[in-house]
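First comes the structure, then the notes that go with it.
For clarity, chains are labelled A, B, C and D in written order, and residue numbers in each chain start from 1.
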Amino acid sequence: MSQLPLLSILTFLPLIGAILLLFMPKNSHGAIRGLALAVSAVTFVASIPLITGFNPTGGFQFVENVPWIAAGPFQMSYHLGMDGISLWLIILTTFIMPIAILSTWTAVEEKVKEYMICLLLLEVGMIGSFVALDLFLFYIYWEVMLIPMYFIIGIWGGKNRIYAAVKFFIYTMVGSLLMLVALIALYFKAGAGDFSILRFYELNLDPVTQTWMFLAFALAFAIKVPMFPLHTWLPDAHTEAPTAGSVILAAVLLKMGTYGYVRFAIPLFPDAQAKFMPLIATLSVIGIVYASLVAMVQQDVKKLVAYSSVAHLGFVMMGIFALNQQGVAGGMLQMLNHGVSTGALFLIVGFIYERRHTRMISDFGGLAKQMPIFATIFMIVTFSSIGLPGTNGFVGEFLVLLGAFESSMRPWAIIATSGVILSAVYMLWMFQRVMFGELSNPKNQNLKDLNAREIAIMIPLVVLIFVMGVYPRPFLDTMAPSIDNMIAQAKKKQAVAMNVPAGMINPHAGIPGAPPITMPAPAGEAAPAAQAAPAVPTAANPHAGIPGAPPIEAPAAAPENK
Amino acid sequence: MFEYVWLIPLFPLIGVVINGLFGKKIKNEAVIGGIATLAVVGSFVVACGILFQLLSLPGEERHFVKTVFTWIQCGPFKADMAFLIDPLSALMLMVVTGVGSLIHLYSIGYMHGEEGFYRYFTYLNLFTFSMLLLVSGANMLVMFIGWEGVGLCSYLLIGYYFHKKSAGDAGKKAFVMNRVGDFGFLLGLFTLFYYMGVNHNVWTVDFTELAKHADLIPVGGVTTVVCLCFFLGATGKSAQIPLYTWLPDAMEGPTPVSALIHAATMVTAGVYMITRMNYVYIKSPTALLVVACVGAATALFAATIGTAQNDIKRVLAYSTVSQLGYMFLALGCGAFGAGVFHLMTHAFFKACLFLGSGSVIHAMHHALHAEHSSADPQDMRNMGGLRKKMPITFLTFLIATIAIAGIPGFAGFFSKDEILWQAYANPFHGPVNFVLWAVGATAAGLTAFYMFRLVFMTFFGETRLSEKAWHHLHESPIVITLPLMVLAALSALGGWIGVPKVLGEALGGLPNMYEHYMEPVLAYSTEYMHTAGLHGLHSEAAEWGLMGVSVLIACCGIAVAAALYVVKPTIPAAFTSTFPALHRAVYNKWYVDEIYDFLFVNPCKALGQFLWKGFDVVVVDGIVNGVAAVFRGFSGILRHVQTGFVHNYAYSMVLGVVVIVACYLFR
Amino acid sequence: MLALNNYLIVSAILFSIGCIGVLTKRNAIVIFMCVELMLNAVNLSFIAFSRYLGNLDGQIFVFFVMTVAAAEAAVGLALMIAFYKNRESIDVEDINVMKL
Amino acid sequence: MESIFFIVVAAVAVISSLLVITCKNPINSALSLVMTFFCLATFYVMLDAPFLAVTQVIVYAGAIMVLIIFVIMLLNIRTETAKRSSHAVFAGSALGIFVLFQTCLFLMRGGMTGAPGPLDHAAIVKAGHVELIGKALFTDFLLPFEITSILLLAAIVGAVILAKKKI
């Protein structure tokens, strides 16, 4: 790639758009929408070179590092970079934005200019958070995201919007303030220098410090994800937000939390990760089952989808905490899937809301007859959300569960797998009640099928649903090296902390020391063999388990149990 | 030809795309139906080519994997989009495409004039596509696409008349039940994959790879867990206890769908899957016992319900459940070949039966429509004497019924007899063998009874239709009867490829072609049983004896049916009034649906309600809003400090300064 | 030269008097004048310190204080006029729109 | 001699400032304040800050006080309409006296030390006070100085906006 600061361009293009919008006349709605759409589309196009120029090596690319603030001992740098983990999240953001802007093309009629400015500022924050490698910069973007979203919910939302907006804001703020404290503490632990995450990766923190810092970071991210007991802001925010708000919230904002775990919480505090794994796994599983059960009895379509988000994100969290190649890759993929499918679901809910101004399931029924195209798209998206093989949902979910099953989270994984059943129950029941049955409500008799704009919004998503389901290789392959790095990083530190020889670090074996199903030989026997191996550091490579004779083979010689 | 195996699923997929995207524009039923049917016929032709090529190879070379592209690769996990050709998959391909094409053809006639004609054929093609993926997938993941895909299509097709609530419910039920099975499938897959990977460094979900390393699969222990998990998957898909309840409800779909999905193909997926993994199952006697017991129990249980149903399709549905139970009984006895053999013959005669019932319903529907009657065209109590008006349907139906009843010479006899013999003679279950056989034989008798009850009530006796309706009753058109005839011929003759050894020798050395054909697939299991010293009973006398008994039981069943429904039609009513509770229980399917509702569905809903209203809103949001309320309360008190008078602010400011300075001064 | 404390005590007395004025008067203009008095008292300290330390920084500060005072006078008096226009009074006890 | 002069001036300053807060008529208060300002200017001269003394007279006693008196005249406020309640006055006075007490205490403690710089009386006279201030303002304090202009501009704009009913 040339020396073009692509990431900066990407981050600030929407900002330029927002500034341009400031100078637009207030009442020319068409031009305002057009400009906003154009800007977001250009941003998307500008993000394409990230894929083409991406070099799947695992390191950070497109790096920009400029000293920024030097206030006495504090140094913050404008440090951007991107790896396989953030690549697709950036693309997802730039991809979802034009769709989100199109989605409320006609629904938002008031303060259009301000609305579009908010959306574009939101995009700045989102892209910025994904590319920032300086923790301080990350924090700034993290907060930048919050404000436009607050306004989007609070100004253009539904009836109960103020409550929802304030709840969203305060919930998130509580977490991020704790994160700020931990971030500063981390900085002091690291000694003089800048806030670069790369520098923090090298730290060896004692377990107690790790615990506290992890808790602070984890809380901030857990609220954003959201994980089980901290999830109640989500249904409210989703229900009250305008369609574009819901779409962005679901597709990108929630990913900030999980991304935070992958990028910060786990590699920075691996011991704490190991320590809190059972807790997080339990919360994730509770989240999956609980949210599914609650989703089942919802009467409001949008709320149902919101709760389904909680369940889906529970899967993502499980995958990430499995901390092996499949789990993390599955989790990452599931993030993208959730962005696509749930984003699409919110768009769909938006479509019928625009037509009927209600989201109550009981107000519908039999729409399939009146709106066949809508029904087809809705169905595809529903099945993607359920995780039907061939659609995107399956690949992610499968890898997550497989990864979790291979780690020491096995018991949790088994319960989580039951989420597969529950998701089918609530989604299909909702689909049935909305789309099937008699077209009894007279208000539904004259519903129009999707118009060209709406179909144009949905087609890319539907195509993506199938592409990611049938050929997920490009996604997985680009992520793999970065994920390997991340895992190796975390495991190496865990191993150091536990005095386990590096040879035992094998992502496939899950957390070291966790007993596999019927692995007859104790881990201790494997250890000397591993130490004897000449290339101990390379054994940390997650691929070590596949072809040759890696240390894990030691138990293979043991007799079978019958 | 092997290289082109990917064409087999591709053709129906093309059909899906064409009909799905443009079907609404095409409008012409002949074109839509033609495209869909041609797609399946195309697959059938390719499948034939593959079968012939396969047959031309020596046994041990009958194995081919065609990898199209790598689907998922992540760490050690790798799943290719790959197709496997071996005798088993070739047979299944033939059955699916063969029966599938006939049903497509039939559907053109049956679905004539339906709203959403194109939708129907899109779904049907999609179903065929999924089923073909299922049976030709070279690894568990590709199989799982098909596995879930058929579940999806069955959801769509059962819910085809979506404006009916019952149809939507049935579709949902089918999908969810299947999902419960999928849960098991996934767990089994995870366990097997992980166990083999961690302990033997065989990270694979590929059938060929697994078979190659079959020696590493331990006996019992983990294998039992794996097998039971997979079996849960199979019970979901193949409608076994405890997950069978969706299948009878699935009769809400159009009749050809019932024939295709719920008789010939989809429900056999479980049988196929277990056979595909026979080298795993053979290692776990416990799992085999469970499979056999569940199979036998289902066979008997469903048969009892079948005896009391009046809806023609429901009888057939329970019969399907029961016959699937037979197949699992065979699998559980380690007779994988016999299970698949019954699968094949069952596909022929059950498809024939369903299509025949479709023909009857079609005719009844028109007849009743003509007199504007709202009577149920599927209720056998409205039929009777139809053989006069619908001779072809009657004849084909009768042949299929004889086949399912197990009358010697017809397809069902050979397969069912083989299963019963294996149940008796297998080396796995010791004393339980006799029980299994006895249950199987009883179920066979019941099968003969309720099937002939169906035939007698429908085709014999005097009609219970009104004059006008009777007048409007006609034999179905040729697109409907042609598939019937083909299937009837297959039900009559299809069994002769697998003649039991004793019978073959008695008849002058007829070979058991089927057994020979399946050998490569089951090679490992056979060898394993051999080395492990597991030998079944060998006694020609016993075999002859059992054969005789089973034929006798079948004949008894027919005789009882004839006695009750032709000779003395008053007896059933008398019986019903004597044992009303029993009849009610059987008629209401032993209240299993109600029990499930009580045990799972309602508690789940109640729990959901509680968690939402009780926990989410009250506890979690209560805490959140409570914190806010506490702050608000405090500020409510504190706000009184803000009097709004400038002086007060000035005072407090100066006071503040004084205090601060004082702190500094007097510390 | 006189001792520094002399100036500082005068400054303190003036400051306190200004302070008392601010706290006890009701006429906004008088209060305003008292504020000016306080500012001047501080100015005196500044200059005294500056002189005794032999450093000009304090005097520069006084310069800025004067500027601020001028700006304050402009805005403050404008406020008073505006308020008077509204309420026909410049009694601070009438300025209570911030009350609950 | 100097100390006697100082005491006289200081007494005048204190008395006139007391008049500021005791007079009922705002005009009288204002005039007393002018008197105080003059006294302060005298102090400035005594402290070798003639430039500031001049500025004090021109800006404070001249410009600002004229403005205040002008406003008083404009609004035609003769006397204070109502007195503060006596205990408010008492509390305010007590607080003010306490402030004075504290400050004096602070001064008693001493500690007002610091290294004397190079600018003594002779140096200031030699270099000239205006030059010294000017140099400091336009070198070291240039930026604050310029920013002050913005402050004044803002004050002007604010005053205009407040004073006008409609813009």
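Operating definition for what follows: a contact is a pair of C-beta atoms (placed from the backbone, for glycine too) under 8 Å apart; a residue touches a chain by one contact, two chains touch by 3 or more.
Please read these numbers as outputs of a predicted model, since none were measured by experiment.
A.B. asks: Centre of all protein Cα atoms: which chain's centre is nearest to it?
C.D. replies: Central chain: A.
A.B. asks: Could you tell me which pair, B-C or A-B, is linked by more C-beta pairs in contact?
C.D. replies: Between the chain pairs A-B and B-C, A-B carries more contacts.
A.B. asks: Nearest whole angstrom, what separates the Cα centre of subunit A from the Cα centre of subunit B?
C.D. replies: 36
A.B. asks: At what distance in angstrom does the C-alpha mean of subunit C lie from that of subunit B?
C.D. replies: Taking the average C-alpha coordinate of subunit B and of subunit C, the gap between them is 92 Å.
A.B. asks: Could you put a whole-Å number on the gap between the CA centroids of subunit A and subunit C?
C.D. replies: So the centroids are 58 Å from each other.
A.B. asks: Find the geometric centre of each of subunit C and subunit D from their Cα atoms only, then give the gap between the two centres in Å, rounded to an integer.
C.D. replies: Once rounded, the distance between the two centres reads 7 Å.
A.B. asks: Taking each residue of subunit A in turn, which ones touch at least two of the other chains?
C.D. replies: In subunit A, no residue touches two or more other chains.
A.B. asks: Residues of subunit D touching 2+ other chains?
C.D. replies: As it turns out, subunit D has residues touching two or more other chains at 84, 88, 91-92, 95-96, 99.
A.B. asks: Which residues belonging to subunit B are in contact with no fewer than two other chains?
C.D. replies: 647, 651, 654
A.B. asks: Quick one: which chain pairs are touching?
C.D. replies: Between chains, contact exists in these pairs: A-B, B-C, B-D, C-D.
A.B. asks: In the complex, go through subunit D and note every residue touching subunit C.
C.D. replies: Spelled out, the residues of subunit D in touch with subunit C are 2-3, 6, 10, 13-14, 17-18, 20-21, 26, 29-30, 33, 36-37, 40, 43-44, 46-49, 52, 55-56, 59-60, 63-64, 67-68, 71-72, 74-75, 77, 80-84, 88-89, 91-93, 95-97, 99-100, 103-104, 107, 112, 114-121, 123, 132-133, 136-137, 141, 144, 148, 151-152, 154-156, 158-160, 162-163, 165.
A.B. asks: Any idea which subunit D residues touch subunit B in the complex?
C.D. replies: 84, 88, 91-92, 95-96, 98-99, 102, 105-106, 109
A.B. asks: Going by the contact rule set out above, which residues of subunit C touch subunit B in the complex?
C.D. replies: Per the touch definition, subunit C meets subunit B at residues 19, 22-23, 92-93, 95-100.
A.B. asks: Touching subunit B in the complex: which residues of subunit A?
C.D. replies: By the definition above, subunit A touches subunit B via 167, 170-171, 229, 231-233, 235, 290, 293-298, 324-326, 329-330, 366, 368-369, 372, 376, 383, 388-390, 394-395, 398-399, 401-402, 405-406, 413-414, 417-418, 420-421, 424-425, 428-429, 432, 435-439, 470-473, 476-477, 480, 507-509, 516-519, 542-543, 545-546, 550, 552-553, 555-556, 560-562.
A.B. asks: Report the residues of subunit B in contact with subunit A in the complex, numbered from low to high.
C.D. replies: Going through subunit B, the ones touching subunit A are 20, 24, 69-77, 81, 141, 144-145, 147-149, 152, 155, 159, 162-165, 167-169, 171-172, 175-176, 179-180, 182-183, 186-187, 190-191, 193-195, 197-201, 203, 218-222, 604-605, 607-609, 611-612, 615-616, 620-621, 624, 628.
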